[in-house]
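Starting off with a structure, shown below.
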């Protein structure tokens, strides 16, 4: 359909189908592949665009999800070739990077700008939306290694002034050598979606409330995309405790930011992501 | 139509029809009433919504456009009754405040939050969009009194970290007791739209370029809505000089921000704009 | 008397005499009209000046005290005409705005500057005095809506670097539809002035102590003028607990700041509050 | 006289009477000893107090005026004994430290607080007054060594947010081994006071104008007390060029700040300058 | 030898030996492979350690030097495997990352911390040394794309408070599709080392002087390692113009920082670079 | 020996040998005079240099250790003559100032720069090392008066961005008029070195842990040199509780920083500590 914009969603990585750490669908329709499509109601953000789903590069470091800085760097590099090909192809008006820690986001925006294609991603998108609806936001995240990597994203995004805190819940992602998957977040998610009361939801609501009471948060966001499913639960849990405030997650935030940029015809400033040999050049950068 | 969102645009003020300082349409279809509808191509942002146009309150201080702090305060107060009525009416999914200096924006967001209706406005909207496409933005504005009022908006919006500078062009708005309307911006606008080369456009492009070279701006925005018509001219002028960068103006920015918020179902945090007697209350604010 | 300076104190608003929310004198000598004249010992600051008392505009939004942003904006606008008339009259060397949230303070300073008359107000004055006697100050305030409005004043005043926290005590002002006036602050005040031990004083001392121990406050100030009467009680309560530190309130702070400015012959910088058509104009504002 | 407050002014140092670098009165009435008493019209600030003048300690490092950090440290230490004696004596309600670079000011405030006596000084006082009448101030100063020392005072005073710049004029104070006293500031001062047009005044007005146009200054202040005499000249020079803005100097600023503190009965927070064994102690300092 | 520490220097990348963009030695002794060993006098920093030289990974994106964000990300990922192997091997007490833009530095420090091996790199090391010898530093760099990437390193390193500016000289590195290698920096370097006066040196000294005069730099540093050879020339050039100040470059800075860390037995905090499953975990990150 | 660098360590002050407050050696070999030589293992930092020990000036204010601002100022001034003589002598390549609160450090660096001799000191050195191994550091200190003085050092050093908090343990130094020496730190130290479990160590480990959990510290440092002996105990205590992170103290930090500067041939920037009459001078300081 002529007026409709075409976007592509790119996973940060995919795991081998036989990985013991695989806790999401890797086969089926794109709606089934897009994590939390149902429970986050993502369909409504995608109704008015044509969208494709790209599974992303095979995780280069192993068969478990990305968590520490090294893994993020490897995944970032691996995703760039895909982003570049998609941006170059002319098939898309916008690219949305899946994954909470947005590996390769800055580099992808550099590439996107070169081809006039906006690229959004889950951390930055949440920062921007949060800044629209509150003075300060907090981030709920899981493992410390992930969180310290993510903390850096706030700094890089120039959002220190709007940042209240990160709050961690003790549910690291699966990784070899650790036996604790049975308590892990995907299990809790299944139980919560089935209507059970779970410790993870309780911990996340507690974390959000502490962010409000102690850290000055006015908006709650999420770090690792493995925590995004918590959004409606935390929203409801906070409301029940008397806190009726915005709770964001990365997918919806990045979808709407992408549509905003496409509507304005903007990708990124050539002064933020300069081309290799720009027509004009500054002699001073502040 | 069921799925379409309904928004209303509210002018900051209207002048008596016989004011000598009236330099815009006050009669006709809404498209004619919305300043710069044609030359900024605003129609494309309004295609997918149902929109109404509210002329705003009669300027309470006189028959010239708002420029200094006192005038802004009077206009802000006068607009609030309108905003409240519109927000309460249930007729609208979103409210967009016209006017560059966004009089009453914070108060309107407080009101909007109470009724679950997002309210966007031109300064803040530009700050948010600019933050998405560059590290730092500059603002092109006109009179010093207006500019110092506007400078405060940046501070209030928590955007100091993203602010590069304001750059002034010497074209104050008309006001009684000053004979210089003949050089004023509306005249320059007419000439520029007719294809003439004008001093005002030249001054604005120079200002933008200085902001890039000396102040670290990566994105250009505009202050007073009386300068918004310059946006395509400055965009083109910069491009001609080798600077192919985002140049924003307030109307399109506020339209797309409003759509983003409506799509996410958000107005503002109840912790940023608390109700009169909230269910829960913090004992500490940071 | 020739050498004595003449000042005028302007209330932010007055309520109809039959308002059920009226908890202060509206008839009598100026000393009786000036809230807390006795218990804050304000007389000593006014001995060496000639002073008038202006009751302020009738509250335009209803018959209860100002608390949220909308009410502040309406009151601000309403007070400006009074301030302008007083500033223009030539009858006064200085204007002191009563009311803790200082509605219209920035606009009044713009007006004051135009007429060469300094205008002080309770929030800003406390910020300045607090900055003289400590590195960081905290603010004791009441309702959340008021506090979030007030929080903005700190930002606007360029005092983020000196701000430690706001601490709230749960004593909102009276407003229609809420039955809780019996616990409200004016009742507590009466009892406290009568020598009773009250929950409000206890809560305020606790709040101040928390600000010291947890937030880094070295000086205590007050937000809403409805809390100013607490100053000597908090001062004494802290001292009793071993904290012998400056506790300010807005009236005395604004009186002495006004005298300081009158003595120096200063109102405000014409670069902070520029006239409508200044002799000289900057091309860049940082 | 009972109601009048008693203050004492303390010079930072005195030079031997036979010093070739002595460019001010060291004999006569206190009015003659107080530098710039006449041309800055200091008498009017001292009318309503009883004041004494203390010549300060003999400069311990040599017979020329203090300029670099070492000299400041030596003078600071030497002045403390005097300040302590005066504070302890019970003879004074307030102490005003003369000298632009305010050697020993923080230590003197520590001593003052111990004895309940407020101590003001020229740099800090100007910062506070400047913050009252503008968003940002600049400092006009002379030698680089002095200026870099002074730059630190801004940082120490927690005034980074209000600081625009320092601007230097090339008139270092006299010191042994340099022959350039003939161009030095005292000579220029004499000529300027005699009604001549001088290079130093011109340089200072240029410096102030550059601070306005390039650095964002809204208020002008002075660094070294050797430059204070320039205040009325710079005020007038700026006005002539169309800039009618506050120009401060340290003496009047410190006088009025002292009166403000005495009127409020404040010296400094015991949490900023804690006693040796305080009644209560914090476990955390932020 | 028992007491001597063993370190390894790792290049960010190597180019194929037949690359037309190769402007440095790729064969010979380690002293010949280490860029600028002679003219920067690097030998003296390496005297008291045992050192190895690792050529780094083959540039994965092409046969020209790294310049934009994409290239940096690819190189960063490629170098990590090498760093990990070296850190794990137990053969080294410290690792020094060559290359000005320090690709993979944060990830390498994460890896280094895991194995108790400190890792230093050229940008961060210069920031730290610069902070020791001045309040603010500027960075001389070349291409805009490189510079905007590098600008981010300052932010990431938490050094905004010490950063004055970047100053660019118009000498981009070689890359395919551009014919301008003849003016490029390696050519200028050869001529400069041969004793000729060159435009590049002149441009760099001008840039450094502008940083001093306009941006507040007290120390000069360099960005791209392709500019490090300029260090002695800029040092001398500034001195000739009267500015006798510290001019750093990345190699010596990173060597001495590495020795400092080895001497203290420190790599990095486990709270900055947490292990995958730490013994203890924080619930809040600020 | 030709290649070895010569340094001198200068105590901040010495006490009369009969002082009741003397809790350290004042007779013996330099190794015995250097506080904590044994238990901090300082010997290993001094192996590769030739070092002398200077006892510092006799405390000018009394016979107890320096604690408040006044005492610091007096000691600072007294130490400068020694520093100047040592710097001038040509006998030393570097000077290390002993004492945690580094009295006279800035002035000594000014003197050092004049003679081309780097001067390091314990607070600043810890700040720099801490910044290398973590994003934020906390400081463990003792008396409030000392701590508020020390807090200022952080600000002066331009390290606000890296500062998490100070945490106090209730062990003030001895001073006349207070009987509590029996609980004082030197007693606790003796017991701790003898292998006893002590309250002071426990308090310090608690303080460090609170800094980690509540303040965001990633590195622990110490304030008063009277607390430096706690370093290995706090390091071990934290480790035992699961926090294996860098714990610094001032002596080792200042030794290694001094060696770093000597190796680079740097003292300080002449723009940070300008000479009395510099060859070139800036007209603007930012």
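Note that the chains take the letters A, B, C, D, E and F in the order they are written out, and that residue 1 is the start of every chain.
Simple rule for what comes next: a residue touches a chain if its C-beta (ideal position, glycine included) is under 8 Å from a C-beta of that chain, and two chains touch if they have at least 3 such contacts.
Since the model is a prediction, treat every value here as computed from it, not as a measurement.
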Key: Set of chains whose contacts include both subunit D and subunit C   = none
Key: Homomeric contact subunit A-subunit E: same or different residue positions, threshold half   = same
Cα-centroid distance, subunit C relative to subunit F, in whole angstrom = 45
Remark   = Rounded to the nearest Å, the gap between Cα centres of subunit C and subunit E is 55
Inquiry  = Could you work out how far the Cα centre of subunit B sits from that of subunit C, in whole Å?
reply    = 32
Residues of subunit A touching at least two other chains = 158, 214-215, 271-272, 278, 282-286
Ask   = Which word fits how the chains touch one another: line, ring, star, complete or other?
value = ring
Task = List, in order, the chains that make up the ring, beginning at subunit D and going on to subunit F.
result = D, F, E, A, B, C
Ask   = Tell me, which parts of subunit D touch subunit C in their complex?
value = 45, 48, 124, 128-129, 131-136, 158-162, 164, 212-219, 241-246, 248, 252-253, 256-257, 259-261, 263-264, 266-272, 278-280, 282-286
Inquiry  = Quick check on the complex: what are the subunit D residues that touch subunit F?
reply    = 60, 67-70, 72-74, 76-78, 80, 84, 104, 106-107, 110-111, 143-145, 147-148, 151-152, 155-156, 158, 165-168, 170, 172, 175, 178, 207, 210, 214-215, 271-278, 281-286
